[in-house]
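Next come two complexes, and both contain chain A; in the first it sits with chain B, in the second with chain C.
Coming up: the complex of A and B.
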């Protein structure tokens, strides 16, 4: 008898985050260019204020900055970054004062240069 | 007749010929580097009044340096004495040599070294000789006085009224040293010749006779002239590789500019000409607020232009400029520094995909006035609430265009060098604006206001910043204002004041509302929040803001009033006095009219935001 039948709920398949597979190259590159990115709290304030609903965090996630071994591949999602208006609201609301506009530009440059086609 | 040649002239002639050939090649490359339209502007402009106007401007700026006199008298005198004095030495030397030799066309070195060739007995002292000698001595003294200032300036810029001056490259230092040497050596060479021959006027004559009394002056004549020719040769040889290219380039720039050529991506020749025309005078360094906030950050235009010109890379400085335009305002050459910076930024293609926002539907009404808050204003809801109050109090037929907060004017993309994205946003918004059929567009954001004014094609639509709109309403007596107690200082946002020339209207509003306007007299300051500098760290931004606040509140106002949501956001956390928007103070000062009752909820919100 499976757990599903026994208790009325089931358990997910075992999932594992293999840290050996994490590709930090893009993150390292961007951190070099925008050192303040290191202090991101992942608080999401940028996403909340973004007029096009991406936010710096959204862009970073779309480009797969954090965990490249997930299913985000090749050119990341340049469309999401191209949507950015560089209006700078995210920079104003950011509690850590990250230079989000520069981050967006550098991220886009990396995507264009195919630096993250892994 | 005495020979008009001596081997020492070769050093000067070599250097001068080299620079001459370089200049001819450069002018050709600048001209053919223009776009077809710009080339046509130049060729069609040559035979018009513009040529004369350009000539007048060349005399005014390249010789008299009128704009530098506006920065400071001593600084202006220093530049003028070197440029105008040297020019007069060349001119009088030329007239003098032509007068005596009766040859209009002669090798250029003859007039440059005229005092040497003049020395012989075959040129008997004519009635004119003392006159020429006097004027030559006078202008030499004039140049030497300016040179003294220039040398002192290098080590103590404060003497000529500058806080800092440019740190030069090695070739520039070599050239500046040879320039400094030219005039003292010329004085010695002329004095020695005059001493040996018993000629000369008050300067060269007296020094010459003094030298003749002490040393065997006859044997010194040739060595001095060799040295003079050598420093001239070095200077001219170094000229094409140093900042002194501005001497010939600035004149060409003035002509091209008068014919209507402007910086654009299509005219790389004009960009190169602009880079060559920068004299690295360093006036932009003092104008830049970053040079006080963080002296180690060399983002100022003089350094930026240098890195572009010698292709040394900007080292991140291209992203650290606030683009407030203070340097452009101060630049004595009148270079288009802000467009130059934006041309140098890499276009990464951001903003090229339009945001997936549903098209704005007309609600059936046909508003006469369209209100565009702008994205930054949405972070300051008090401004929007106040504008609503003002519109309703003036019984305007208005509509809130970007109530959803999702419209972008494109200026942030433009400032970050993302030209394609900016154009696409502009096209989209232009069409949406025109579809509303409104005849007046009011915006609360100077950043949006500037791009609407400069780039948008909106036929039949007036564009106003809300401070202008409020001023008009007050003038037309559509708003009734209760005079408020206290004093206020106006902070002029860069994009509004310097950028669009909206200077008097907000001040008039302030003077209507407050008892006293204690705005200090200064050129518009940057609040530090600028969208121009994506790479500037928050610490420097705060230092810029603190510097601006300390200058703005020097007369201790009760309120610091601004017209830009960005400035308000930047100043609020650090200002010792309350920072408010001009719309908020107007809304708070409105005479309450009972018959047009305002929603009490909105009114409460407004009052809460106003300290």
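Coming up: the complex of A and C.
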């Protein structure tokens, strides 16, 4: 065992999201293109059906609530969208008929434009 | 059944000698009194206030269609839609007694009046939000309840401004005094979810730049058109629904309300400062004095909703012969449900008195 053994506890970065510090710009931009995105119920059907395991649900939450607050986007939720096959299964299973495929495309564009930190 | 209905017009006069007491003049009581009088029964109509309408008088718009609350009393309280009704408004019914097969209504402590049948429609009370101390109702002036907000909309919504400025953020807390064992309210009040959705939309219409958050446990939008309104709130009005219960509210140095909650879908704690925190209060049973002995087993504050004898067969017939229930005295109900329940109770009183007559 190393002599450099760490002490039993340390300081973690705060996890709390501060909704007062929201930045609405990205959210507004995305929901303008895909208005149905706002009606996400967070049911998880899209995540369960995704062949490459993209957390569309996390992205919905991120877009709906916290995209404006870079904390969530920086923690990586939308990043996985790069693996998207654009198969559209998520759109087929969505009970609210959200255009998830279009949203994936828009998210990819934002990543390319560096609007979302990767 | 069909034969009996056929004979109704001829037999109507035989029931007019019967007196029916209706207790309460909210939507359920009005529907019961109206229907009973139109069926030819003599109605004694009791109401503790001097006017009809109950809590409806303080409502602004109705869910899910957003009609003005007045539409309910336009028809329900129209005197042309009544026959023999003896209005006893401004009189408080303190109890109901059963004596030698008849029921007696005890009024204003000393007086009593006989009745052949009684329709209890004394409604409900709003949950006292002060019991949930962590939300600060009654402590912080910017924490209000859903009926408070409804009344502001009805009278003067500009009270929500600070000076000339519109509110920047408003949050709604669902299930205050519903589904909460801590305060003895184990049941769901059913209508608060849709009330919160409706009021959130109204806030956005009134103050378009205001951000609106709804903190919910789960959304129970059960009625016709409710889910559509929920979706509309999300899509058209961009209202944010955050799944998680507000754990506490406190006042900041400017008198705004700081809210802490867990976003259980993100798995992260959130905090938020709002101009107004609106508590969607549940429905609790109204005055306990009205209960007949042995009618109810109470929970919580010693009060209980009244129970139908066989709720699967009829929501209106209580276990005591001659006693009928209408509206939210038997449990949380929306206005259309209360009205339907009031009409149903009146029809069943009519049936009951006719059957009793023929058996004598």
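In this section, the second predicted complex is superposed on the first by the 76 of 118 C-alpha atoms of A that agree within 3 Å, B and C clash if a C-alpha of one lies under 4 Å from a C-alpha of the other, contacts with A are read in each partner's own complex, and residues count from 1 in each chain.
Criterion: a residue touches a chain if its C-beta (ideal position, glycine included) is under 8 Å from a C-beta of that chain, and two chains touch if they have at least 3 such contacts.
Not measured: the values here are computed from a predicted model.
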Partner chain(s) touched by A:43 [first = chain B, second = chain C, both, neither]: neither
Partner chain in contact with A:31 - chain B first, chain C second, else both or neither: second
Larger contact residue set on chain A - chain B or chain C: B
Touching partner for A:112 - first (chain B), second (chain C), both, neither: first
Which superposed partner A:20 touches (first chain B, second chain C, both, neither): second
Touched partner set for A:82, first chain B, second chain C, both or neither: first
Contacts of A:102 with chain B and chain C, given as first, second, both or neither: first
First, second, both or neither for A:51, with chain B first and chain C second: first
Intersection of the chain A residues that touch chain B with those that touch chain C: 36
Complex contacts: residues of chain B adjacent to chain A: 319, 346, 348-357, 375-376, 378-379, 405-408, 410, 412-413, 415-416, 418, 421, 425, 529, 531, 534-538, 566, 569
Complex contacts: residues of chain A adjacent to chain C: 15-20, 31, 35-36, 38-40, 42, 61, 64-66, 72, 96
Interfacial residue positions of chain A with respect to chain B in the complex: 34, 36, 49, 51-53, 79, 81-89, 92-93, 97, 99, 101-102, 104-105, 108-109, 112
Complex contact set, residues of chain C against chain A: 213, 231, 234-235, 238, 240, 242-243, 263, 265-266, 268-273
